[in-house]
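Following this line, the structures themselves.
Heads up, the next two complexes both have subunit A, just with different partners, subunit B and then subunit C.
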Partner chain A sequence: MLRYLARRAANALVLALAATCLGYVLASVALDPLVRFRGNNPPVPDEQIRHALAITGTDPNTPLASRLWSWLSGLAHGSLGTSVDNRPVTSEIAERAGTSLQLLVLGTVLGVGLGVLVGVVGAVRQHRWFDRVTTQGSFVVLATPTFVVAVLLMVGATRLNEAAGRQVIRFTGQYTPGHEGWAAVTDRASHLVLPTLALVIGLVAAFSRYQRAAMLDVLGTDLVRGARAMGHTQRSALVRHGVRVAMVPMSTLAVYTAGMVLAGATITELAFSWHGMGEYLLLAAQRGDVNAAAGTVACTAVLVLVLGMVADVLYAWLDPRVRL
Partner chain B sequence: MGEPLLDVTDLHVRFGEASAVRGVDLRMSPGEVVGLVGESGAGKSAFVCGVVGLLPRGATMTGSVRLDRTELVGLDDRAVSALRGPGVAMVFQDPLSVLNPLRRVGTLVAEPLHLHDRSLSRHGAATRVDELFHLVGLPSGAQQAFAHELSGGMRQRVGIAVAMACSPRLLVADEPTTSLDVTVQAQVLDVLDTARQASGAGLLLVSHDLGVVAGWADRVAVMYGGRIVEQAQADDLFASPQMPYTTGLLRAVPDPREARRLVPVPGDPPVAAYLAPGCAFAPRCPAAQRRCTRTDPPLAPLGTDDTSHLVACWRTGEIGDDVFAVPPPREPQRPAPGEPVLEIRDLHVTHRLDAGVWRRGRRGQVVAVDDVSVTVRRGEIVALVGESGAGKTSTVEHIFDGTPSPGTVRVLGQDLAQAARPERRRLRRTVQLVAQDATDALNPRMTVGAAIAEPLVLARVPRPERHDRVAEALTTVGLHGSDATAYPHQLSGGQRRRVTVARALVTNPELVVLDEPVAGLDVSVAAGLLELLADLRDTRGLTALVVTHDLAVVRHLADRVAVMAVGRLVEEASTEALFTAPTHPYTRALLAAVPVPDPTAPRPAASFAPDTEWTTPTTTGCRLAPRCPLFANADPDQQTLCRTQPPSLVATHDPTRTVACHWCSTPPDDLVQPPQDQST
Partner chain C sequence: MTTTNDVRPLLASVIRPSGGVWSRVLTSRQAWVGATMLLTLALWALVGPALHPWDATYVDLAAFGQGPSTRHWFGTNDIGQDVYAQVLVGLRKSLLVGLVAAPVATGLAAVVGAVAGLAGGWVDRALMAAVDLMLVIPAFYLLVLCSPVLARAGWPALALAIAALMWMVMARVVRGQTRSLRERGFVRAACFSGAPLWWVAVRHVWPNLASLLVADVTVGVGTAVLMEATMSYFGIGVRVPDVSLGTLLAAGGPAAATRPWLFFFPALALVVAVCAVSLVGDAVRDAIDAGGARG
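Moving on to the complex of A and B:
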C-alpha cells in the first residue's frame, strides 16, 4: 500500500510538473500581457510598461524558455509570481480556494447524498412514477445551461423576498459588509443558499443517473436474492446489501466532482458574483495575466492528481477485492 | 407418509403472458431428499423461487405452498422473511454473486443468526458460526476471508453454512454444484448432505445433472414444460422410467462407465411463452398420438397399488421399452492411427501476473503448463482432461497464438516456431478450433453461410465452389442447406454449436480442436452433438483433440486420454485402460468423483483431500502432494521424495500407458522400481 502510494506520488510529481510547464507555456503564448496598456489616452509611457512587465516577468522580448525558467525557479521557492494588480498569485489563490471550499463542502455533500438517494429509489422502483419523474427531471436539468438555472433561482428568490417583505435570501456576492458576530454568520448563510442550490441541482441530476445504473446492476445479480434468502425483507436486503455494494463505484466520481468544484464552478461563481477559482481564471484571461492563469492551471493539475490518489485509496478501503 | 414438510398443490407461476410453472403438485416428508431434474426452460428455477418466495418482481404465483402447515402463498414480505432461515433456506448456484463482496464471510454467516434472534449475544453468534464452519469443513480462520479470496468449493461451503445457520426444516439447493469441478462437487454435495442430516432438514435438490440426483436423492421428480411429468423413488425411476421424456433423458445421458450409444431427443426444449395445448412433450415424442396434442395428461399413479410412482402420460402402459431404442453398438472399421498430426513437446507456459504497461510480471508469474507433451495421430481422437486451472486451455491456446515459450509445437512434422511465415500460416490453417461458446464465436451480423464460408475465403477457394462446400458442411453436421441464410440468433444453442463444427470442418482440416464440445448444452441436445462427432470419427476418420472436464464425454469420444492436473500431465492411457483401471491417485479420484446416472452405483466419492487450505503449489516436488491420499499415508522418506522431486511420466507394463507418480507407476510385476524404494 505505502509502496504503491510512493510510486503513484512519484508518477504524479512528474505529471504535475509537465502539466504546469505546459500550462505556463500555453498561457504565455495565448495571453497578451500588453492588453491592459493599449488604448489608453494618454498612452502609458514605455518606461512604466517595461517596469510592470519586469515585475510579472512577462516581457515578450525575453525568450519564452528563460521566462519559463525564472517562473519555475520562483515556483521552487513556493511563489507563483505576481499578478497584474501586483498581488502575489499564491495568496490570491489561497483566498479564492477558501471561497470555493465554502461552496464545495455543502454543495457536494448535499448533491451527492441526494443524488445517491434519488438514484437508489429510482432503481428500486424502476419504471414507477418516482423513477419516471426523476429521470425526466434529471435530463431537463442536465440539458439546461447552468446560468439559466442560476437566473431562474434568482427570479424565484426575488419573488420569495417580495412575498416575505424582507431580504430572506441574498444572492449578490458572498456577504454584506458591516455585519458582525451572529448577524455576519446568518448573512453569509443567506448568501450561500442560492449558489449551493444551483450546484446541488446539477449534482443531483448527474449522480442520480449514475447511482440508478449502478444499483440496477447490483439488483441484477443474486446478491439481493441471497440476502432475502437469509431472512431479510426486500427493503432491508436492499439497504443492508444492495446499496452499499452499488455505492462503492460512486466514491471515485464523488471525489473527482468535489475536486472540480474546488478548481472552479466558474459559471455558478460568475452568476452569483462569488470570487472563486473559476472567476480568477476567467479574469486572468481577460487581463492577460499570465502568472495568474499559469498558477491556476498548476493548482488544478496538482489537485486532479492528488484526488486521483485519494479516489483510489478510498476505493481500495471500501472494496476488499481491490488491491493496491 | 405422515404430516408432510412441504405440500405444494396446483402451483402456477406466470411472468406476464408466459407460464413458467403450470400446476405443480409436490409433497416432501421431513428429512427427505427430493431431486428435481429437467432441462433449461423446464420451470425448475421458477418453481423453487416460488417455494422460497423469491420470485422476481412481475411474477405472479397462484396455488398453494404449505411449509409445515403454514401457507406461504399470499403472505406478506415480512412474514415470509421471518420464515426464510429457520423455516426454509436456500443454497444458490453461484455463491460468488450471492455473498456480499464487502463483508467477511464469518460476518455473513452470523447475519441470519442475528436477523432471526435479536437477543442473540455477540459471543453466542460467534460460537454458532464456529460450529457452522466446522460443520461444512472449513477452517475457522476462513471466517476472516472475503468471498473472492476463497476457492469455488470453499465459497459454496460458506453458502451452505449461511443456509444452515438457523437450522432450517427445508433446504432448497438450486444447482448447487453446477459451476464446480467434479472432485469438488462430490465434496460439496457430501457437506450438504451431512449438514442436512445434522439438523434433520428436508432437501429439495434441483439439478440438470441426472448423475447428481441419482447419487443423492431418495425420490426424483422430472420437470418438463412447467409441469412435473414423472415422479418416483430414485431406484424405481432410473430402472423403469415410464414417461417417454424420462426415458429419452436417461438414454441421452452419457455414462462414464460404458461407451454405449446415446439417443438424442429430437427437437428443442419448449419455450414457456409459446406452449401449444396438450402434452408439452408431444412435439418431440416419438410415441405421441392425437390426444397427446389436445389435452395435457394428468399426473396419475402408475398402478392402483403403487402410489409412489406418478406419471403424466396418456400412453402409460401402452408403450414399451422401444421409445428411444438404443441402436446397436458401433462396430467401426477404423484404420490404426497414422503419422502424428500434432506433436506438443515439453511445453511450458507461464502467465505473468499484474499486467500493466510498465509493471508486467512484477507480482510474479503462474506456471500454467509445466513440461507437457501430447501427440495426436491421424485418425485418432485424443482427450485432454482436467479440472479448472489444470492448464488445458493454456496448452491449446498455445497451438494457435504461438507466443514463444520453451517447448515445441509440430504440425505435420514441422516446427511452428521454425517455419517461415507463409508456411506457418498454411500449417495453422490445417488445425481448426471449435470454441466452447458458440454464441460468442459466431459474428451475430454474419449469416451462418457467411460464417462457414470464411475459412474458405481465407484459403482462397473460388466463390462457386464455396457455396457447395458450405452446403455440404451444413449437411455433414445435420443441418439443412437452407440454414445458410439464417443468423446465429435464429438458431438454438445446439444448432449454433453445430454451425461452429461445420465451420471447422469446411476446409477439411488435418486436426480439429474441440474445446468443451458439449458444455452448457442440455442433455438431450448434447447427446445429438456427441453422436454426430462419433459418426464423424467413424465415417470420416476425424482427427481431434478434445479439451474437456467431462469424463463422460471422453469415454464416449476419445481413443486416448491425457489427464492434466495443476499444469502437468499425470497419466496418459487408452480410454479403455484409463477408465477400467486408473492408476494415478488423481485419475482415480477424478473417476471416483464422477456422478453416474444410476442410483444403485456407489455414490461419487471424494478421495482427494478438499482444497480448503490455501496451499501454494510446491514448485519443487509433486504439486498434488498436499491433497494426495498416497502422500498422506506414506512414510516420511517417501514423503520427502514427493516433496522434492517432481515425478515425470514413466512407462508401465501397459505399453499404452504412462504415469507420473513416484509410488503408483510401479506395475504389479515390478517392471519399474522407484529409486528410493530399496532404502525403505
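Moving on to the complex of A and C:
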C-alpha cells in the first residue's frame, strides 16, 4: 500500500510541477502586465512602470525562461510572488482557498454521496417511478448550466423571503458584515445553503448517472446472486457485493472527475459572488496579473491531484481485486 | 466501452441498415425525437429572424423593458430590443460554436488516440503524458487564463479553444480501442504488409470506431454549447457585437427576479437545445453499448 501510494505521489508531483510551469508560461503569454498602465491620462511615467514590473518580475523584456526560473525559485522558498496590488499572492490565495474549500468539501461530500445513493436505488428499482423521475431529472439538470441553476435558486429564495416577510435565506457573498458570535455562524450557514444546493444538484445528476449504469452492469452479473446464496441478506449483498464493485470503474477517471467537481465549485462560487479562487483568477486575467493567475493555476493543479489521489485510494480500498 | 467489431462504416449501413449500431440508432425513438428537436431548433434559428418583424438590434422606443406581448413575443429589454429576435440570433451563434468545437475536438481525439495506440513506445507515452497534464488543470481555468487573447480574436477562436480543452478523455478511449484493434488479424495483416500508419488509421481504426466518434461529436456539441454559455455569462466568452445565448443570460441574470423574460427565454432555448443534442448522443451511445457483450 505504501509503495503504491509513494509511486502515485511521485507521479502526481511530476504532473503538478509540469502543470505549474504550463500555467506560468500560459499566463505570461496570454496576460498583458502593461494593461493597467494603458489609457491613463496623464500617461504613467516609464520609470514607474519599470519599477512596478520589476517588483512582480513580469517585465516582458526579460526572457520568458528566466522569468519562469525566478518565479520557480521563489516557489521553492514558498512564495508565489507579488500581485499587481503589491500583496503577496501566497497570503491572498490562502485566504481565498479557505472560502473555496468550504463549499468544495461540503458540496463534494453531499453531492457524491447522494449521487451514488440515487444511482444505486435507481438501478435496483429500474423502470420504477423513482428511477424514471431521477433519470429524467438528471438528464435535464445536466443540460442546464450551473449558473442557470444558481440564478433559479436565487429567484426562488427571493420569492421565499418576500413571502416570509424577512430574510430567511441570504445569498449574496459569504456573510453579512457586522454579525458577531452565534449570529455570525448562523449567518454564514444561511449564506452556504444556496451555493451548496446549486453544486449538489449538478453533482447528484452526474454521479447518479455513472453509478446507475455501473450498478446495472453489476446487477447483470452473478455477484449479487452469489452473495445471496452465501447467506447474505438482500441489503447486505447489494451493498457489499453490488455497490462496492459498481464504484470501481469510476476510478479510471478520478483525476478528470476531480477537475470537473472543482470547475463546478468554481462556477457556483462565481455565480454567488463569493470571494474565492475563481474570482481571483478572473480578476487576475482582467488586470494582467501574471503571478496571481499562475499561483491560482498551480494551487488548482495540486488540489486536483490531491483529490484524484484521495479518490484513487478510496477506490483501491473498495476494489477487492486490487492488492496494494 | 465494448469492442465494436460489428460496426460497419457509417455510409454503408445508413444505406443498408441491417443490424449493427446504426440500425439500432435509426430505430430508436429517442434518437428521432432528439434529431427532430435539434433540426427544428436549427431551422428556427436560421430562418426565424427573416420571418420576424423585429431586428435583434432594433430599438423600439415605444417599449422599454416590457413583458411578453403580441407585439414583442418574448418581451423587450431595458433599451427596447426585441428578446425573441435576440434569442434566435443567440441560439444561432451558440449552436455554431458547438458545431465548430465538437467535430474539431473529436477529430483531435481520433488523431491523437490512433497515433498513440498504433505507434506505441515513446510516442504513446509522450501523448498520454500530455493528456494527463491537460486533465490536471480544469478546462474552465485554462479558458479564463486565455480570455484576454480570446477577447481579441472573436468567437471562432473561442470555439477552437473550447475544442482544445475537451478531447482528452476521448483520446484515451480511442487509444485503448486502437490497441485492442491492433491485435486483430486484419490490422496486423495491414501492418505486416507495410501499410503506413496513417493508412491503417484511416482504413481500419477510424471506420471501426465510427459510432464511438459520432457519439462523441454529438455529446460534444452539448458540452461546447454549455461551456460557451458559462464563459459568456462571466463576461469572457462571446463579446459584443456578437450575441450568444450566454451573453443574453449574462444580461438577463441580474433581472431574473424582476423581469424574468430576459433570463428565462434564453435559458429555456439553451436547455432545450442541449437536451435535444443529448437525446441523440445518448441514443448512439446506448446503441454502441447494446452491441457488445455488456455486463
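In this text, the second predicted complex is superposed on the first by the 288 of 324 C-alpha atoms of A that agree within 3 Å, B and C clash if a C-alpha of one lies under 4 Å from a C-alpha of the other, contacts with A are read in each partner's own complex, and residues count from 1 in each chain.
FYI, a contact is a pair of C-beta atoms (placed from the backbone, for glycine too) under 8 Å apart; a residue touches a chain by one contact, two chains touch by 3 or more.
Being a predicted model, the structure only gives us computed values, none of them experimental.
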{"item": "Which of subunit B and subunit C A:Leu103 touches, first, second, both or neither", "value": "neither"}
{"item": "Most subunit A residues touched (candidates subunit B, subunit C)", "value": "C"}
{"item": "Partner chain(s) touched by A:Val243 [first = subunit B, second = subunit C, both, neither]", "value": "neither"}
{"item": "First (subunit B), second (subunit C), both or neither touched by A:Cys299", "value": "neither"}
{"item": "A:Thr221 touches, of subunit B and subunit C: first, second, both or neither?", "value": "both"}
{"item": "First (subunit B), second (subunit C), both or neither touched by A:Val155", "value": "second"}
{"item": "First (subunit B), second (subunit C), both or neither touched by A:Val121", "value": "neither"}
{"item": "Subunit A positions touched by subunit B in one structure and by subunit C in the second", "value": "221"}
{"item": "Footprint of subunit C on subunit A - complex, ascending", "value": "15-16, 18-19, 22-23, 26-27, 29-32, 35, 139-140, 142-148, 151-152, 154-155, 158-159, 216-221, 253, 255-256, 259-260, 262-263, 266-267, 270, 278, 281-282, 285-286, 288, 293, 296-297, 300-301, 304-305"}
{"item": "Touching residues on subunit B, where the partner in the complex is subunit A", "value": "52, 54, 77-78, 81-82, 84-86, 89-90, 92, 94, 97-102, 111-112, 115-116, 146, 148, 162-163, 165-166"}
{"item": "Residues of subunit A touching subunit B in the complex", "value": "221-223, 225-235, 241, 244-245, 248, 318-321"}
{"item": "Residues of subunit C defined as touching subunit A within the complex", "value": "132-133, 135-142, 144-149, 168-169, 222, 226, 229-230, 233-234, 236, 249, 253, 256-257, 260, 263, 267, 270-271, 274-275, 278, 294-295"}
